[in-house]
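There are structures below to look over.
Okay, so chain A shows up in both of these, paired with chain B first and chain C after.
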Partner chain A sequence: MITKSTERALALALFASLSIAVDTFGLVPAGRLGLATVLFLIFLKTYSTLAQASLEGLRVKVSQEGALEGRPLRVTFEICNPFIIPIAFVELSLRYPEYLKLSAGSPALLGAIPPRGCLSYSVSFLARVGEHEIGPLRAVFRDPLGIFRGTEIELGEKALVRVKPRESEKLRRALFSISRSGGMLRTSRAGEGLEFLSTREYVPGDDLRRVFWKALAKGRLAVKEFDRESTQYNLVLLALGKDMLTGPYLQTPLEHAARVIAVLSRYFAEKGEQQALYLVNGDRLDGIKMVRGRKGYELTIRALSSVRLHDLLNQRETSVGKGTIARELLMTLPRERVNIIAITTMGSARQLAEELKVLAESGRCSVYMFLMVPQFYGVETMSPMERAIFRIKSFQEILSMKDALKEIRKTGIKAVIVTPGDMARRIVMRLEMERM
Partner chain B sequence: MRKKVTLVPLFTLILLLIIGFIGAIERGPLTLSVYVGAHPANEGPMGLSELYKMLRANFSVILVNSWKDVKLEEKCRVLIVIVSPELPYTGEEAARIAEAVRACEEVRLLVADETGNANPILAEFGSEVRIGTNALREYPLVAVDAPWGSYVLLLDRPSPLFAHGNAEAIGIEIGVQDPQVYAFLESRGLVWGDGSVFLNQVLRSENSIYREFVRDTLSYLCNNCTILLDATKAQAMNPLDFFHGNVSPEVVPLVDPFSLLISLLSHIIHPSNWFFPLARLVNALVADLLVVSPLRELIIVATFIVLSLFISSRESSERDVPLREVTEVHWYGYSALKDKIMKGGSSLKKDDFVALYELLDYLLLSTAGVSLSSPEAASVLQNRGMSSEKAKALVEFMNKYYRRATGKSLWPPVVFWNSTTRKAISLTEEALKVLGYSLMEARGIEGRVL
Partner chain C sequence: MNSPYVTIATLLVAGLLVLPLFSLNVKNVLSAVEAFTTILRGSLEPTIQNFEIVVRSAASVLVLVLLLFSALFVNARSYAFALAISVVFVDSQLITDPAMLLPLAALSFLDVVRSGWRKNQISSLGNLRPIASAVMLSFALLAFFLLVAWLLSSKMWSYAEAARSLKVNSPLLAVFIDLFFRNPIGLTFVLGVVIFAIYSLSKDLAESLVIFLRPSPQSALKSLRELVDFGAPISPPLTSLRNALVSLAISPPIYYLITLLLARLDLQIPPPYDSMLRFVIAAQIFTIIWFLISRLTASFEEKEPSLLSTFVGLASVAIVYLILYLAALWHPDYGISVERADEVLRKAILSYYETVLYMGELLLTFMGIAP
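== the complex of A and B ==
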């Protein structure tokens, strides 16, 4: 409950002193003015102290709306003054992560809160995937003339916001068009299934219920063959290196990867396949174990919306794993063959490949690594000549990705370089090939 | 680290001091009186400080400055000691003393007086003894034959005593033809015609018989009782009188110098004695200074500064700055390189030309299956839609400067690589476009290269 005077108070104090001094020595009769100024300062000080005490006792309610990537994320602070002292004025400044972009509202404001009244303050962000802490509000009281200033305090609690990735319906449909089945689980190996595959000549021992009567009518004894139904075990591994956040707003590798994983997860869920998601953050491995169907999808979305971007930014270096990831994964894998889909950027690729080498060599898994191409974002703002110079100077680096790719492939990991746009399709095509 | 706790704020402390200061001025100076006669506070030769010390060491003593304030318990035993009163007791005062000790079951008196001032006391308490008012001899030798011992004492101008009734004469002058009685013992106590025996100059003397006499007498008279030592009849003197010459010269040697000094100091340091003269002095000084022109302005400025500092020091001040807002940050790939190019700080060098050549060579090889150094390169580009002259010029230009950049040729001898590479970029862009790529457009070679 401390208020301090500002430089304006000092100016007023000087004025009061001068008035009193010149009056004392009979120069100008300004003593009353000086005394009135001092009394005014005392009055303002008293009011400021009371208002600061009221400020510290304010009740703050935080609410939020919208938590889907790319949509407005609205956060509202309802600040109520339960006391009879009006607070005029209070400067508010919202604390929010520096990587979030404000789409509506101001990050700071100067307002007054009437006695037993409330002030509502709303801001909107362009939501991006992950977990974000918004708030608390920082507040400072000032009297109407700005002569006294209170100490800075925090109002309310942090609002913990989890934003889900946006899913492309078009991409989801495209993935099903790649798949040879509309939703049932199948392989190209003939077996006991429901979906027709082909016909072949009858051999003794075949079930008579599978005889192809139309062929028999033409004098050929044949039986129908059906797709053998099977379940795939897909484990998505997302390497969260610091460079995952490099790029324009909503176009970073992390956001592309989150959208792809969300669509893939829905695809897996609708096909009834087993899926798991693990996030590799430094030497930490978090995620969800193999789950089937809708639950797997929900858990995946929850895991993606819980990625703490703040932690990623504060990583000292881009590093994934410390030689323990493969061991930890092996302990959680089912006995069936598992497709491991590792999604990473160039910065983390070599380290992750070292980690997953054991899994590739174990024979229990098919390990695929999808390296996202670095996007030369922001070239739109450059002149054609500048773009050309930029591309020439960074060309060597792009070529070095090819060398890295060769090295990774030597470890037994099937690595490919993809752009965010065709990553989901490439992944599904790989998985379909695995099914054959 | 322990928190510093302020029990009394500085402001409150200063306010209290100012109030105390004003109160002290209003009340006036405290006068510590100086005694020259028989008073327990007098350390001089005529004082009773030695007697007081002796009493305090052996008895329960109450020093009586006002008999109104004496409060005694029921059924107490007291001995009233009166030594050489300098002023006579009135009948009212004697009655007040009797009233003060009325509740006691035993009241005894020790009156040592050579002036007769204590006679009203003796009368009030029903004593049969009276003190004469004139000393007959200066230093009579007196034999004391008392129940507590026998003594031969030399007295200092005592007054003879007169008694009727049953008072027993215990102190009789010896060595003269008409001996006087100087001490009577009666049921009420002892009446002694000389106070000098109890004074400091006698009790401090080398002859210890006086000290023994006093001690024995008091022990006899006060058996498990409280002694009331009367100090109401000693005359106080204002210490300033000694400086103003209002004191007779024979009194001066009788004053204890230390007591006098303390008394003077207490008088001098009191604000009522120096504050007003000082204020008057300062006022006069300021008034004089204000007459002088430059000093007048200086004083106003100094007062202004002092007042300003005082007012501003009451408040802790800080600069009023707005709250820091969050700065939104985005991280683009190759942002440092991009910034440098956009600011024009990146000039093209020989290595950049080599990179451009290798880029075109790579794309030509991967797209058309021929190298840029191959003789078919120009025709391949021509087949893809580039004009024949431009294709030939591009291939020739690129190979010529590539040989120069890689040291395979020394021609041309002087090359400005920045302008040469920029020209090469323009030529290459046309070739890249016919191959389906671009360096200059928003969607460039990245992605498709890989």
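== the complex of A and C ==
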């Protein structure tokens, strides 16, 4: 409701005063004009007050399209004016996270909304995994001559957008080629199951339902043996921290890790494995408990798309755990043996290893740690000098990673350094070895 | 980021808009240069008129700079200043020239568009029809405002001019007309009061419309947050009226004492201005007392006045009258006289209300409401 006059109003008021003054002193008959200017200003102020009030009563509908990483994420604001006052002009600006890249449209614009009409405003972002708050819109009214300006108000609610990680179909197929079976998993040990393994001589105590009738017909008492079905319990632990967001757009460790976890989760789901995902953020542990199949996959994707990047960026301390993670995990783990797959960066690797040491020592879990090597981009665009410095720095980083790896391995955790592109394969290979 | 196309287009239009005033000032500068050259050749004496030419040409140069600035930065303010300087130094008739005034509004509009229009905003909007229709409608509204403002100002100005040329027999009314309509300062004062009244009325009307037609908690909170006089006392309804009545009750004895004091000091204005002065004193006393009472009775909570405060208020009125009565009761030459005291009290009350009512009647007569 509040409108303020700009410097232009002052200029016009001066002009009006001058007109009235020259007339009252009998120089030029401009008094009418001056008076008309003042009255016009008053009427314009009245209109601005009414328009500002209409602005505050606007109805805003927010909709979104596309929520897959790397694709355009289009957010549309439908702004409708239910009143009979035209709003011209309105300066709109969109509040959105600084870590989101705009791919189409403008984050601010000059618009006008007709009476009982609507204005549609949309912007597209290059979607990145996680949960993002887009909006609300901020609006400022300005009259067409820019003489009065309204106070800034917020229009509508903020849109909460969850972006799913992109999954590589090629990688998923590659993972199945590493695995020995496409369906339920088998081991080379005989046991209860569905897949036929071999026959053996009957021994007392064998279930009669397993008698191999074809062999009995030939006079040999034998029983069928089946593959022992083995379901693995895989718990993925993703250490979140500020350093997970370092790197180029869509190529940060978090995004790489999210893609790997998404593919692994689908792989586990199709295998019928039990899976769980925990996100470690400082001393907080959030995630989903062991779930099997498709539901496990869906919950994992939901958890990944709920990572709040804004919170990560504004995190003060990057310490992991403080001794609480292992305790909390031990309370949630099933009785069966669990494979813990910890994915982390160099920044929080040591602290996470300290936390997981207890689990590795408990004998209930196999703990694997995968340290992501930072990806190097844009090296080709550097000058020879920059490239040389970069090479030295990278070399030093890899050396320090090697030292960290040695330390971690001493705690009983099977740690490896991997590139994001190779991580999923390495994880599956480890798990297959565990199955043997 | 602003749109380069819109920026270029607005710059071009702005250049065209400032052209009439620009060319006028260029002509002025050229003629001044010519005159200057003649002075330098020695064929023209450096007189006051020639000095005026120099000043005018300097003003024109300043105007040209301001116009260049307003064309380059689409700045309406610098155009307004350029126009004002041109009116004062070049040609006073320019102030009523529509060709000179139109660019002021057009530049303002262009500046709003140029500074607000963003590079990729069309891709964000898609359909520009709603914007176009809203802008058209708002321009129609502005045109309507302009028309009403012009009609209203014409009427007001005609009234002022009619009052100026009025020939009246009443000496007091003649003073009144001289003071408020023939005197430029008085006329400015009257116009200021009228404009303020219209402004207050339209502001209150707009805000009331907004509040009653669409109550909004968001805007109410915003208004409260942005109040300049945060912590201002809350006054219950009709407090102003109550304070006005109390002030009217207290004012007469004080007015009487002041007029007495002025008479003793021999500070008297001859007729016909004395009535006007008396009224000014009465009004001033009333205003000061009203202000003081409003301050004293203001509370930070909305509550009914207590019995004590009512008693104190009544007692203060009684004390003022008592002082006047006692002052009139004893005279160093004539001693104590109750009749004289009664007469003084009666005179004090009557003289105050007479003055106020007389001026009220005069105002009504002038406005044509009373015969």
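Criterion: the second predicted complex is superposed on the first by the 384 of 436 C-alpha atoms of A that agree within 3 Å, B and C clash if a C-alpha of one lies under 4 Å from a C-alpha of the other, contacts with A are read in each partner's own complex, and residues count from 1 in each chain.
Note that a contact is a pair of C-beta atoms (placed from the backbone, for glycine too) under 8 Å apart; a residue touches a chain by one contact, two chains touch by 3 or more.
What you see is a predicted model, and the numbers here were worked out from it, not measured in a lab.
Colleague: Following the overlay on chain A, give me a clash-or-fit verdict for chain B and chain C.
Modeller: With chain A aligned, chain B runs into chain C, so clash.
Colleague: Applying the document's definition of touch, where does A:Tyr99 land relative to chain B and chain C: first, second, both, or neither?
Modeller: After superposing on A, A:Tyr99 lies in contact with chain B but is clear of chain C.
Colleague: Kindly classify A:Val38 by the partners it touches after superposition: chain B alone (first), chain C alone (second), both, or neither?
Modeller: Both partners, chain B and chain C.
Colleague: In the superposed arrangement, does A:Ala21 touch chain B (first), chain C (second), both or neither?
Modeller: In the superposition, A:Ala21 touches chain B and chain C alike.
Colleague: Determine, under the contact definition given at the top, whether A:Met382 touches first (chain B), second (chain C), both, or neither.
Modeller: In the superposed model, A:Met382 contacts chain B only, not chain C.
Colleague: Using the touch definition from the top, say if A:Met401 reaches chain B (first), chain C (second), both or neither.
Modeller: A:Met401 sits against chain B, while chain C stays out of touch.
Colleague: Looking at the overlay, does A:Arg8 come into contact with chain B only (first), chain C only (second), both, or neither?
Modeller: A:Arg8 sits against chain B and chain C alike.
Colleague: A:Val358 in the overlay: touching chain B, chain C, both, or neither? Say first, second, both or neither.
Modeller: The answer is neither, since A:Val358 touches no partner chain.
Colleague: So, A:Ala108: does it touch chain B (first), chain C (second), both, or neither?
Modeller: Once the two structures are laid over each other on A, A:Ala108 reaches both partners.
Colleague: Which partner chains sit in contact with A:Pro29 here, chain B, chain C, both or neither? Use first/second/both/neither.
Modeller: second
Colleague: Pick out the stretch of chain B that clashes with chain C after the overlay, from 200-208, 272-280, 308-316 or 344-352.
Modeller: Residues of chain B that run into chain C: 272-280.
Colleague: Quick check on my understanding: which residues of chain A belong to both its chain B contact set and its chain C contact set?
Modeller: Common interface on chain A, chain B vs chain C: 7-8, 14, 18, 20-22, 24-25, 27, 38, 45, 91, 108, 142, 146.
Colleague: Would you mind writing out the residues of chain A in touch with chain C in their complex?
Modeller: Residues 1-2, 7-8, 11-12, 14-15, 18-22, 24-25, 27-40, 42-47, 49-50, 53, 56-57, 83, 86-89, 91, 104-106, 108-115, 117-123, 142-147, 151, 153 of chain A touch chain C in their complex.
Colleague: Which bits of chain A are touching chain B when the two form their complex?
Modeller: The touching residues are 4-10, 13-14, 16-18, 20-22, 24-25, 27, 38, 41, 45, 91-102, 107-108, 138, 140, 142, 146, 149, 152, 243, 245-249, 252, 373-382, 384-396, 398-399, 401-402, 417, 419.
Colleague: Would you pull the chain C residues touching chain A in the complex into a rising list?
Modeller: Within the complex, chain C contacts chain A at residues 76-77, 80-81, 83-84, 87, 92-93, 95-96, 101, 104-105, 108-109, 111-113, 116-121, 123-127, 130-131, 133-135, 137-139, 141-142, 145-146, 148-150, 152-154, 156-157, 160, 184, 187-188, 191, 195, 198-199, 202-203, 205-207, 209-211, 214, 216, 218-219, 222-223, 226.
Colleague: Going by the contact rule set out above, which residues of chain B touch chain A in the complex?
Modeller: Touch list, chain B to chain A: 290, 296, 299-301, 303-305, 307-308, 311-312, 315-320, 322-335, 337-338, 341-342, 346, 348, 352, 355-356, 358-359, 362, 422, 425, 429, 439-442, 444-447, 449-450.
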